[in-house]
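To keep things simple, chains are lettered A, B, C and D as they appear, and every chain counts its residues starting from 1.
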Amino acid sequence: MKKMNVAIIGDKFMGKAHSNAWKQAGYFFDLPIQPVLKVACGRNAEQLKEFAQRWGWEEVETDWRKVVGRKDIDIVDVSTPTYLHHDIVIAAAKAGKHIYCEKPTAVSYQEAKEMYQAVKAAKGKHYINFNYRRCPAIQLAKRLIDEGKLGRIYHWRGAYLQSWIMDPAFPLTWHLRKETAGAGPQYDLGSHNVDLARFLVGEVKSVMAMTAHFITERPLPDESVARTFQAGSKGTEKGKVGVEDAAFMTLEFENGALGAVESTRFAGGRKNYNYFEVYGSKGSILFDMERMNELEYFSMEDPDYAQGFRTILATEPVHAYVANWWPPGHAIGYEHEHVHAVVDFLKAVDSDKEMTPNLYDGMKVMQVLDAGLESARTGKKVALKDME
Amino acid sequence: MKKMNVAIIGDKFMGKAHSNAWKQAGYFFDLPIQPVLKVACGRNAEQLKEFAQRWGWEEVETDWRKVVGRKDIDIVDVSTPTYLHHDIVIAAAKAGKHIYCEKPTAVSYQEAKEMYQAVKAAKGKHYINFNYRRCPAIQLAKRLIDEGKLGRIYHWRGAYLQSWIMDPAFPLTWHLRKETAGAGPQYDLGSHNVDLARFLVGEVKSVMAMTAHFITERPLPDESVARTFQAGSKGTEKGKVGVEDAAFMTLEFENGALGAVESTRFAGGRKNYNYFEVYGSKGSILFDMERMNELEYFSMEDPDYAQGFRTILATEPVHAYVANWWPPGHAIGYEHEHVHAVVDFLKAVDSDKEMTPNLYDGMKVMQVLDAGLESARTGKKVALKDME
Amino acid sequence: MKKMNVAIIGDKFMGKAHSNAWKQAGYFFDLPIQPVLKVACGRNAEQLKEFAQRWGWEEVETDWRKVVGRKDIDIVDVSTPTYLHHDIVIAAAKAGKHIYCEKPTAVSYQEAKEMYQAVKAAKGKHYINFNYRRCPAIQLAKRLIDEGKLGRIYHWRGAYLQSWIMDPAFPLTWHLRKETAGAGPQYDLGSHNVDLARFLVGEVKSVMAMTAHFITERPLPDESVARTFQAGSKGTEKGKVGVEDAAFMTLEFENGALGAVESTRFAGGRKNYNYFEVYGSKGSILFDMERMNELEYFSMEDPDYAQGFRTILATEPVHAYVANWWPPGHAIGYEHEHVHAVVDFLKAVDSDKEMTPNLYDGMKVMQVLDAGLESARTGKKVALKDME
Amino acid sequence: MKKMNVAIIGDKFMGKAHSNAWKQAGYFFDLPIQPVLKVACGRNAEQLKEFAQRWGWEEVETDWRKVVGRKDIDIVDVSTPTYLHHDIVIAAAKAGKHIYCEKPTAVSYQEAKEMYQAVKAAKGKHYINFNYRRCPAIQLAKRLIDEGKLGRIYHWRGAYLQSWIMDPAFPLTWHLRKETAGAGPQYDLGSHNVDLARFLVGEVKSVMAMTAHFITERPLPDESVARTFQAGSKGTEKGKVGVEDAAFMTLEFENGALGAVESTRFAGGRKNYNYFEVYGSKGSILFDMERMNELEYFSMEDPDYAQGFRTILATEPVHAYVANWWPPGHAIGYEHEHVHAVVDFLKAVDSDKEMTPNLYDGMKVMQVLDAGLESARTGKKVALKDME
C-alpha cells in the first residue's frame, strides 16, 4: 500500500485526538494510503518525548519550521493553539504539504483569508477539522435535508454551551487571551456551530450579536500542567481576561432563513452541548452532541395523528461510517469523528479531490464570527458582503 | 361569602379559557370572593348566546361599552383580540372596575403606556394574563432563583415556537394583520417569554433583533368559523400578511445577563413550545411548556460525581397550587394556570393588594418587544431607556 | 335536555375526581343527558356536608342503602373504598340503577363474579372506571394497534410504580388492610395496567407472579385526616400490614404474546408511573402516565435510515376528545380522563349501548390479578381457565 | 516493560472488539504489562489471515488446541461461539494460561461449573467478559449503591431488548441453535443483565420465568458471510429454531429485593437496550446502554420540592476511566468498555489479584439463567439452592 509520512504539530488535547485517529483509521476502514506517524512536534521536549513514545511517533522535534521544511513529510497536522495556525499553514502550503488543520482557523478573519490564499495557490489538499460534520447523526441530518425532507428551510437555532471555566479560579490559559485565541467562545465554540449552519442551511448574509464578559480577571496558569480541562494556577497573581465569555448572534441566511448561534462557557450543566435545531416547511431536525448517536426528526408528511419527533439512533449500517464499527445500538464516541476525518482526508489526497470542509470553509466561518464581533462592538447589523 | 359580578368581553378561545377558570376556581380553592358570571359580551349574537348558555353567563350583550358602563359589574375580563384592549381597559379603569386583561397588552408600546397611566390613576386592581407564571413548575423556578440556588444569573435562553400557520392556506385571521394584532409572534409569543424573563431574571437594558417574513399573502378568512386554530378560508381571494412570521432577539439585562428570545410560528413539530433555560453561577433550570408539569434543575452544589439535570415533577403538595388538585404524579393541564390566576386575582382584589403581573408589567414587556421591532427595522441595538 | 339524577357514594379523592367530572363534562362536550348532582353519601357527616356544598350536591345522606333505594336516583356513582363495591353494586343493580363504579372492582375475583352476575341480570348500564383508557394518548395507542400498525403483538411490558407509602411512618390506611383493599398494588395499580393490557393486547391465558413485603407493621392512622396521600397517624400504636408491597407478574396472552406487569409502591421517584411498552412485528409503542399527553411510536415501516421512536404529542384535534379542549400543545391533565368517562357513560346510557370497560372487564381483570396472587402463594404457574 | 503474549481464538464480532481493546489499552492507560498480539485462531483460513493482518496479530492458526498448547502464550482470549468455551477454557486452565473469556459462559450451567472447577484448580487469572460492568455510568451506579445512597434495595427492574432477528428471513445462525448457543436471549442478553443484577443488588435466591417462541423455522445461513448482524441465507431450505425468542423472569434476591429480567430479540426499535432500574429506600437509579454515557439518579434526600431523576453525564474526570479519555461531555462508545476490561485484566495478572467478574461469576449467572429455563419448562418457581 501507498504510504505517506505525517508530521503532527501540537501534543496536547488535539495532539492526542489526532494521533488516535491516525492510528485507528486503518483498523476499521480500508485506507488507500497508509499514514506513517513520522514526527511529532511540541515545545516542551520532555512532554513531547512521552507523547511520541505513547503514540508511536517515530521522531520528535521542537521547531515546527524544521518539521514543515522536511522533504520526507507529506502531511502536516496542525494541532497547536490557534495563534500558530496562520504561519504554519502558510509555510506548509508553500512547502507543498497536504494540510490537516485544527479549528478555529485563525485569530482573525484577515489571517484566515491569507491562509486560504496560500493553500489555493499551492497543490496540497487542505482540511479544516470541523470534526462534528463527520458524526453519523449529522451526516444523516445532511442527507435528510439534501433529499428535501425538510423542504424550504426557515430556521437554524444553534447553540454551543459549555461550563469548564465557570469557576473564577480557573486560570488564564491561552484560550482566554486575545493574542493566542483571537476570541473566546465565539471562535472556539461558535466556529463549530456556524460551520454546521453553513453545511446544513447555507451561506450567511448578515449578523447581529451581543457579547458578555462575566469574569474579567483570572489567576495566571501553571504552564507545567499539560491538560487544558484540569489546568492549575501557579499562585495568586492575576491577569486580564482578553476574550468574551459569551456571544449570542442572530443570523440572516442567503436563502432567507432566520437563525441564531449562541456560544457560552457559562452554562452550568452543559459539558459539550453543541446543539442545533433546523426547521423547514416539511420537517424539522434536532441534534445534541452530548447525545451524539441520536438525531431527532419530525416529518410533517407523517399521518396527522402520528406525527412526532423521532429519536433516530444513528447506529445502523445504513448510516455513514457505522458499518465499519459495531452492530446497531452500540454507541460510538467523540474520537470516532476524528477517525472519519482522517479516512476521508486520505481518500481525498489519494484521489486528488477537494476535501470539505477546507480552508475556504474555515475562512467563511471566520468571516461570520468576525462579523458577529464587529456587530457586538458597534451595535449594528453587519452584512458579510461589507467585510470582503 | 362576598360576591362580585364579572363581565367577560370576548367569546372565543380565551373566552372559553377564562369562563372555565371563573367556574373551576371555587371548586378547588377557598375563595374570598365568589365570582358571579354576570354578562358575556361578543360581536356575533348567535355565537355569543350559545357561549353564554354553555358557561352559565347570566346575560349577553354585544356592545362592550354598555357592559363596562354597568354599575353592577365589579370585574371586567378583557378576552378580545388585542386591538380592542386599549379602549376597553381605559374605559373600565375610568369606570372603577377591576381589570383582568388578556395578553399581549396592546398593539403598541404607546398604547400600553396609556393603559398603564389609566389604571394607575384608577382604584381598581389590574392584571395582565401572562398565565404561564402560574404554572407550578415555573413557580418552582422562581423559588429556586429567589433562594439563590442559581447564584448570579448569566443567561436567559428563551424561545416560544409554534407551527399553526405553516400551511400557506391558513387564512389571514386577525392574528396576521398589523391593525388588529400589532405584530406577529414577537407580540403573541414573545410577550409570554419576555414576561418570564423579567419575572425570573430582571429588567432588560437593550435588545437587538431580526425578523423574517416567509409567507407574504394568505387567503381571506371565513369569519363565520369560530375557532382560531382550525380557521377556514372563504375562497381564493388573498390579502397581505401584515406581521412578521418570526422574530429572533438578543437581550442585555440590567444585571449583566445575556439573553435570547426567539419567537416563531414556523417551527414544525413545536405546538406550544414556550421554552427557557436560565444559567447561573450555582445552577441552571430548563422549562418546556409542552411538558408543563416538569422543571429541569442542575445544581453545581451536588457532589461532583453526581451532578445532572434533574427532572422535577412539580406535582407534589409542596409545589405551588398543587395541594388543591390531585396526588403526586397526577398531571394538571393548560387551563389550570388560568384557574390559579383567577384565584390570586380574587385574593388581590379582596385584600386590596397589587396583583402581579399587572398592566405595569404588560407595559414593560411591550417596551422590550417594540424595542426589538425597532432594532429589526433599523439594524441597530436599541436601549430601552431611549424609548421612554 | 333529558336529565338524570346522580348519587355519589364516597367523598374522598375519588369523590372529588368524579364530582369534577360530572360538573365539567357539560361545559366542554355536548351531552345527550344532563347529570343532576342529586345526593352525596359519606360516613363522616361533617366532611360530607362540606364536600356536598363545595361541589353542589343537592342533598347529603350517610346511609348508602337509602341512597340506592331512592326512586329518583338514576345513576349510582360508587367511589368508596374497595370493600364496599360488592354490596353497593349488587344493590344498585337490583334497584335498576345505572352504575359508575370505581376500580379496583372488588376485594376478590369471587366478589367481582357476583357483581357481574348481578349487573348482567339487571337492565342498567355499568361502567368500571379504568379511567386511563380515556387518555387521548392511549386511545391513539388503541387506534394504531387496531389499524395494524404494530402487526402481530409480541410483548406487553407493563409497570405501575408509585412511592407514596415508602416512609415506614406512613399509617395503616384502608389501602393496606386485606379486609378493606383485598390486596396491595396488585389490585390498586395492577388492575389499571392489566386493564390496559387486555384493552390493547387481548385476553390473558396464564400468569406467574412473585410478591414482596418490605414493611410489615405500620402506625395506626388518624381517621380524622381526610386525605389519602397525606395521611397522618395518631400515635405509636402499630398494626400489621395485610397486603403485599409489590407484585411482579409475567403473563402469557391467548394470542401468544409474552408480557409482564410489575406493580409496586416502593419505587422512589415514581409518582404515578403507569407505564407500558407494546412490541409488535411492525412497530412498537411506549406510554408513561407521568407524561400523559405523549405517546411514543416506532414504525418498522419508516425508511431504514430514519426509524426511531417518535414522541407524539397527542393534543391535536384529530386525537380522541382533544378537539373539545384546547389548541395543539396545550396539555390536559389527569382529571380530564374522568370527564371523558362521564361523557361516554352518558352517551351509552342514552343510546342504550354497552359501555366499556364494564363490570365484565372488571371481573376479568380481577381474575388475572387473583391468578397472580395464587401463583405467588403456590409458586406455580396459574392458567386462567382453571379459575373459572 | 513486562510483556505477555496473547492468543485470540475467534475472529468475528468479538475478535474485532477484543483486538481493538488489546491495541488501544496502552495508548490511553499506563499498563503494567504490554500485551503482544501473538497469534490469532479461527476456522476459515482466508478470513483469519485478513483478520490477523488488519489487527497486527503476528501469526495465525486454525487449531485452537495447538494455540492453547503453546508454551509462549501467556493469555488466552476466548472469543468463539459459546459452545466452544467449555473445552477451550478447561484446556487453557490446565495449560496454566490466564483466561479472558467472552460471555455467555457456556451452553449450560453444568458446563460452567466444570469450567469454574478447572480455573479454580489452576494458577492463571480468569475473567468473564461482562463488559458492561466497566461502563463508567455503571461504575457510578455501583459507587452510589456502595456509598449507601440508595439505602436498602427493594427492586431490580432489568431488561435487555434487541430486534435484530425480527425479520423471519433472518437465517438460522449459531445463535439460534441450542447445540451452539445453549439458549436464546435468556443466555445472550439475560447473562449481561443478571450479571449487573448480581453486581449491583446481590445474589439471587429463586426465579420464575416464561419463554416464548415466535418464529419456529428459519432459512439456513450462508456460512461464508462473516458478519453476524447482516447475515445472509443461502436459499430456501429451512431449519428449526432451537432456542427461545424471549424469556421474562421474576427474581427474589437473597436480601429480599424483588426483581425482573426480561430478555427478547423481538422488541422493534430496541437495538442494544440493556436497561435496568434499581429502587432503594433512599434513592433510585436508571441506566440504558443505548445512552451509555448517562446515569439517572433520584435521591430522596434532596429537598422535597426539588427531587427528580437527574441525568448524570458520566464523562467527568471523577468518573471511572474517564480521565484517561476526553474532556467532559465528550462521549465514549461501546468499545471502550472492552478497553477498560483489558486494562483491569492486565493489572490483575500483574498484581496476582482476582479479577471480577470471573468464571465464578460466570457460573453463578448461568445458574440463574438455567433456573429460569427450568421454571419456564416446569411452570414452577425454582430455588437456586436446589440446583447445586
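One rule holds for everything that comes next: a contact is a pair of C-beta atoms (placed from the backbone, for glycine too) under 8 Å apart; a residue touches a chain by one contact, two chains touch by 3 or more.
Everything numeric in this text was worked out from a predicted model, so none of it was measured.
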Would you mind naming the chains that touch chain A and likewise touch chain B? C, D
Measuring centre to centre with C-alpha atoms, which chain is farthest from chain B? D
When contacts are scored as defined above, which chain pair ends up with more C-beta pairs, C-D or B-C? C-D
Can you compute the centre-to-centre distance for chain A and chain C, using the mean CA position of each chain? Integer Å is fine. 54
Using CA atom averages as chain centres, what separation in Å is found between chain C and chain D? 41
Approximate Å spacing (C-alpha centroids) for the pair chain B, chain C: 36
Which positions in chain D touch two or more other chains at once? 270, 298, 307-309, 313
In the complex of these two chains, what residues of chain A are touching chain B? 152, 154-155, 157, 159, 161, 166, 208-212, 214, 245-246, 248-252, 256-260, 262, 264, 266-270, 277, 279-284, 298, 300, 307-309, 375, 379-381
In their shared complex, chain B is touched by residues of chain C numbered 13, 17, 19-20, 23-24, 26-27, 54-55, 162, 164, 228-230, 270-273, 289-293, 313, 315-317, 325-336
Chain C contacts chain A in the complex at 140, 143-144, 149, 294-298, 302, 304-313, 316, 318-319
